[in-house]
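Each of the two complexes below includes chain A, the first together with chain B, the second together with chain C.
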Partner chain A sequence: MVRMDENSSARLKRRLTGIVYRIGLFLAMLTICLPGLWIVISSLRPTVEIMAKPPVWIPQEISFDAYVAMFSGIGKGGIPVIEYFRNSLIISVTSTVIAVAIGMAGGYAFARYRFRGKSSVFLGLMLTRTVPGIALSLPLFFLYVRLGIIDTHFGLILAYVALNVPFTIWLIDGFFRQVPKDLAEAAQIDGCTRWQAFWQVEFPLAGPGIASAAIFAFLTCWNEFALASQLTRSVSAKTLPVGLLDYTAEFTIDWRGMCALAVVMIIPALTLTYIVQKHLVGGLTSGAVKG
Partner chain B sequence: MNATPHGILMKGFKPSAPFLLLLPAMIVLAAVVVVPLLLSLYSSFTPFRLTRPETFFVFVGFRNYLSILSNADFWWAFGRTVLLLTIALNLEMLLGLGLAMLVEKATRGQRILRTLMMFPMMFSPILVGFQFKFMFNDNIGLVNNALQSLGITQDAIPWLIEGHLAFIAISIAETWSSTAIFAILILAGLLAMPKEPIEAARVDGCTPWQTFRYVTWPFVMPFAYIAMTIRSLDVARAYDIVKIMTDGGPAGRTELLWTLVARTAYSDGRMGMANAMAYFSILLSIAFTVYFFNKLAAARTQIGAEW
Partner chain C sequence: MATVSLTKLTKRYGNIEIVHGIDLDITDREFIALVGPSGCGKSTTLRMIAGLEEISDGSIEIGGRIVNDLPPRSRNISMVFQSYALYPHMTVRENLGFSLKIAGAAKEDMDRRVAEASAILGLDTLLDRRPSQLSGGQRQRVAMGRAIVRDPDVFLFDEPLSNLDAKLRTQMRTEIKKLHAKVQSTVIYVTHDQVEAMTLADRIVIMRDGYIEQVGTPDEVFRRPATRFVAGFIGSPPMNLHEATIDDGQMVFASGEKLPLPGQFKANVAVGDKVVFGLRPDDIYPTGHGISSGSVADVHQIELPITVTEPLGNETLVFVEFNGSDWVSRMLNPRPLKPGERVAMSLDMSQAHLFAAETGTTLRS
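Entry: the complex of A and B
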């Protein structure tokens, strides 16, 4: 009997910890997801419901008015979203392509060669990344005005390439390290040049990793605000994050419109992050375990 | 005696492969970061104003720096920035560790949990700011609505209007947005960890706390430092959040170093002064990064990884 009691109390205890654990996990996930979900829900409700007192918790009707208004141009729903979207896309894609090309060269150098001051060069590269965007924007603003590239795609692309290169090098370095050295050496023994060995052996193997470095760089550009807000002025170069402020510049805030724009900004980011999540962690941590 | 300088000279003329490979990165960073920073260093010694270009060539020595030293607003912003970073980084570390351990224990649906966990990372800081501005709105925000519906309070709590509450709201937003970085990297550490040492510790009669402290934590530590290093590369993302949530208000009570720099430069047009302030914020960021980078390097050596 006593034995039974002990058994069942142990089982009860395990059950209880199991329940506590599930509640903890649920609350944690709720905290993470709620703010985003709230934005999505708010973008689909009429403004009256958002403003209602006492609050309306369960949406009574779903409407896509905010999205329709947003894409129907200036005057009808406020801000030129399509232009901002296009600017964001052009700037992010171009600077990502350049940053990844530069990052591949640099990352390969760190992964495959030993040279003097390697670790200080690496730290030096990272330090350029630490300069806060707003601090960097002061001299860039001045220079860009002088060079006449303020408020242009080119100016922002240039800045974003520099912003992304250090971190891209870190990530790509990690991915090349995961590719065994012997493979490229074997290819060279078989008569490939180093260049051929790189493109035919190492690059395909590190490919998925490099793709995720690219997506990460893209997201950095897509989300950047501090530099973009000072280096762009008009519809011809403003990006989406800067455009979001258009809604607050007014005396009253169009909460629903802002929510809708937020959703438009999140969707590409969400999709892309989902694709890269596995590789991203791999690239960052390679070298932390077993070199 | 003569051979040595000659040898160095020869080396200088025949660049090595890594040098050539790193050259494009060096050129871009020199053009967009290093040279502009030198320019801003120079202009921090001038009374340069945007409206009066000729002041760019007036040299005033350390006058900007001296007037910063006696500027109370600046030191408040500086202190507030350090306080925010201390609170946010510690909370992110603790919550990230907790979250990673929760998710690691999950037996089912771990993949989807991991994806959900990364959710905040996808949000641009400007969106995080907006989303929390919306939620903390005293009139229609989710937080006050919930508190009132649950009957906890009758009044609308002025989250973003009162200085201390606004600081708390900003800390929450900052923590929410960056905990994910710690969580995914610590989780990667936990998953990569061999199971035998934990089994051995349990057989030897260690308490769960001892097992965590002396077996799990030392293994996971380098991963936490990677997260810290990544995070310190981007500490200034708080600028975006504060800019949209309170814009430094009410009455400068949530002004951070970065918002103060932006205000001095673009609203007041005092570029010289703003550049001097910017140098403080750059040094702060560099101090953070170098500190965690060294910790990371040490942790890597400790577990015998190649660097």
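Entry: the complex of A and C
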């Protein structure tokens, strides 16, 4: 009889814990998702409703005016979205490719080779992450003006590569460490050069890690505002986050337009993450060694 | 098919010497086992032969060709790793054929050789699986298959059975032996397990602290160990070893107990010499329960107290107290014995070993 009670109370406890977990999870997801949802809703409704106090939770009228206006050209409430989008894409993709390439070389070196000063170099790289990017914007601005690369794709790409490389090295290093050394050695015995062993065996196995490094690097560039707002000023170089400022005038802020542009910015980032995330599945190395 | 010669082979990491100029000649189609405790340099030696470690000094010859500075791929060797090192992103078929693909072999040739290897190892039904879908024993077989496919001059095995459970290990041991009979290549096999070495190898190389202690057939290293270390390392349960001082035809042990000096060593020791006396568990047994081959005259009788018994079915390991520690003895056709009981033990002194206490080398002439 006593045992029955113990069992049923344990079952009840487990069920209650499950419910508490679910509520906690719901609250956490709400906190994460609500701002995004709010942006999407705000892009679809008039400013009056956005600014209303108390807030209007359920939109009364929905319109795509902001999106139409955005693409309808200068003077008709539009901004050069296409140009900004192009700039963002060129800058983000190029700097990501470069940062991942350097990250792979560096990460591999840190994971596989022993060399003098290895840990200090690694620590140094990590320490650069502690410097807030905005603190560098003024020196960078002066430097770029002198070098004549202010307001260019190249200048921003350079800054973003520098920003991302320590991170990609750190992340990719970790993934290469997970690839057993034996595999590259086995490949060399099987007839590969060190270079072939890398591309045939180690690279495919570290692939998910490299993909995640690429996503993180891309998103950092895609969303970066502080540096971009200092280092670019013309339509030919401004990125989407900087483009958001086009919606602020001397006395007014077009919240609806801003939210619409934000949605336009989020979509490619979200799509990319969605596409790549299935490659991020870990556990690919399981079965390589013992078991 | 090739000979392998190591000449003054040395490995240093910075100032620390790991392998101290070892010499070893391996004949064609020989199965050689490098055996020793961990850290004895056996794996390092194997890796130097494979080309995975640079050599610091000396030279390595494979098939009469000096390969000191050649990369692994140019040595025509193949290696089975302790971890198997299967490529997890490839199927068994791709794993087996990888070396051929890298070598640019024709598709038909590749298929034929993969089929041959998988037939030898019974992998036919597993060809389209990934390594993660295989059991330990199957992975082990794939690793061996990958080695066979290359048709190498020399097979290198680096503790290939260490990750398997005891039963599978015995099974794979037999398979490796069969495989060697079939492919007839030179094999260098590293293991820390002396049973593996004894059962598989034509000759055993016993290493310790980067030196070779003894090279010999399993029978030689078992019956005529060159050093105290080899005596203690080879054989299971290990040889009983006790330090003693020679005194007028007797050995006097620390506890004051005495045993007669085995006749075969009389000429090689003098009074006052410090020696290590060794006797295998097979050569000490409760009287009437042994297998010893020695003549009756050499058997010394002594009564000793039993500390523990370990029944194994057809035999019992009997631990008796001698000189303040346990002596293992192997009792055939066991009868029940109780701890504390004093039993008459037979010591076959014709099978005894004697080593110089200081150098550890055998006193056998």
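Observations on the structure shown:
The rule is simple: the second predicted complex is superposed on the first by the 232 of 291 C-alpha atoms of A that agree within 3 Å, B and C clash if a C-alpha of one lies under 4 Å from a C-alpha of the other, contacts with A are read in each partner's own complex, and residues count from 1 in each chain.
Assume a residue touches a chain if its C-beta (ideal position, glycine included) is under 8 Å from a C-beta of that chain, and two chains touch if they have at least 3 such contacts.
If you're wondering where the values come from, they're calculated on a predicted model, not measured in any experiment.
In the superposed model, A:Gln196 makes contact with chain C only, not with chain B. Once the two structures are superposed, chain B and chain C can be ranked by residues of chain A touched, with B on top. Look at A:Ala162: by the touch rule set out above, it reaches chain B but stays clear of chain C.
With both structures placed on the common chain, the touch criterion links A:Gly133 to chain B but leaves chain C unconnected. In the superposition on chain A, A:Ala187 makes contact with chain C only, not with chain B. Contact with neither chain B nor chain C is seen for A:Phe64 once the two complexes are overlaid on the shared chain.
In the superposition on chain A, A:Phe154 makes contact with neither chain B nor chain C. Looking at the shared chain after the overlay, A:Pro204 reaches chain C, while chain B stays out of its contact range.
Put simply, chain A uses residues 284-285, 287-291 to touch chain B in one complex and chain C in the other. Interface of chain C with chain A (complex): residues 50-52, 71-73, 77-79, 81, 83-89, 98-99, 102-103, 130-136, 139, 146, 150, 163.
Interface of chain A with chain B (complex): residues 21, 24-25, 28-29, 31-36, 38-39, 42, 50-51, 53-55, 57, 101-103, 105-106, 108-110, 113, 115, 119, 121, 123, 125-143, 158-159, 161-162, 165-167, 169, 219, 222-226, 229-230, 241, 244-245, 248, 255, 258-259, 262, 265-266, 269-270, 273-274, 277, 281-282, 284-285, 287-291. Contact residues of chain B toward chain A in the complex are 16-19, 21-22, 24-25, 28-29, 31-34, 36-37, 39-40, 43, 98-99, 102-103, 105-106, 113-127, 130-132, 134-135, 139-140, 142, 145, 148-149, 176, 180, 184-185, 188-189, 192, 222-223, 226, 229-230, 232-236, 239-240, 243-244, 258, 261-262, 265-266, 271, 274-275, 278-279, 281-282, 285-286, 288-290, 293, 297, 300, 303-307.
Across the complex, chain C is touched by residues 180, 182-183, 185-193, 196, 200-201, 204-205, 284-291 of chain A.
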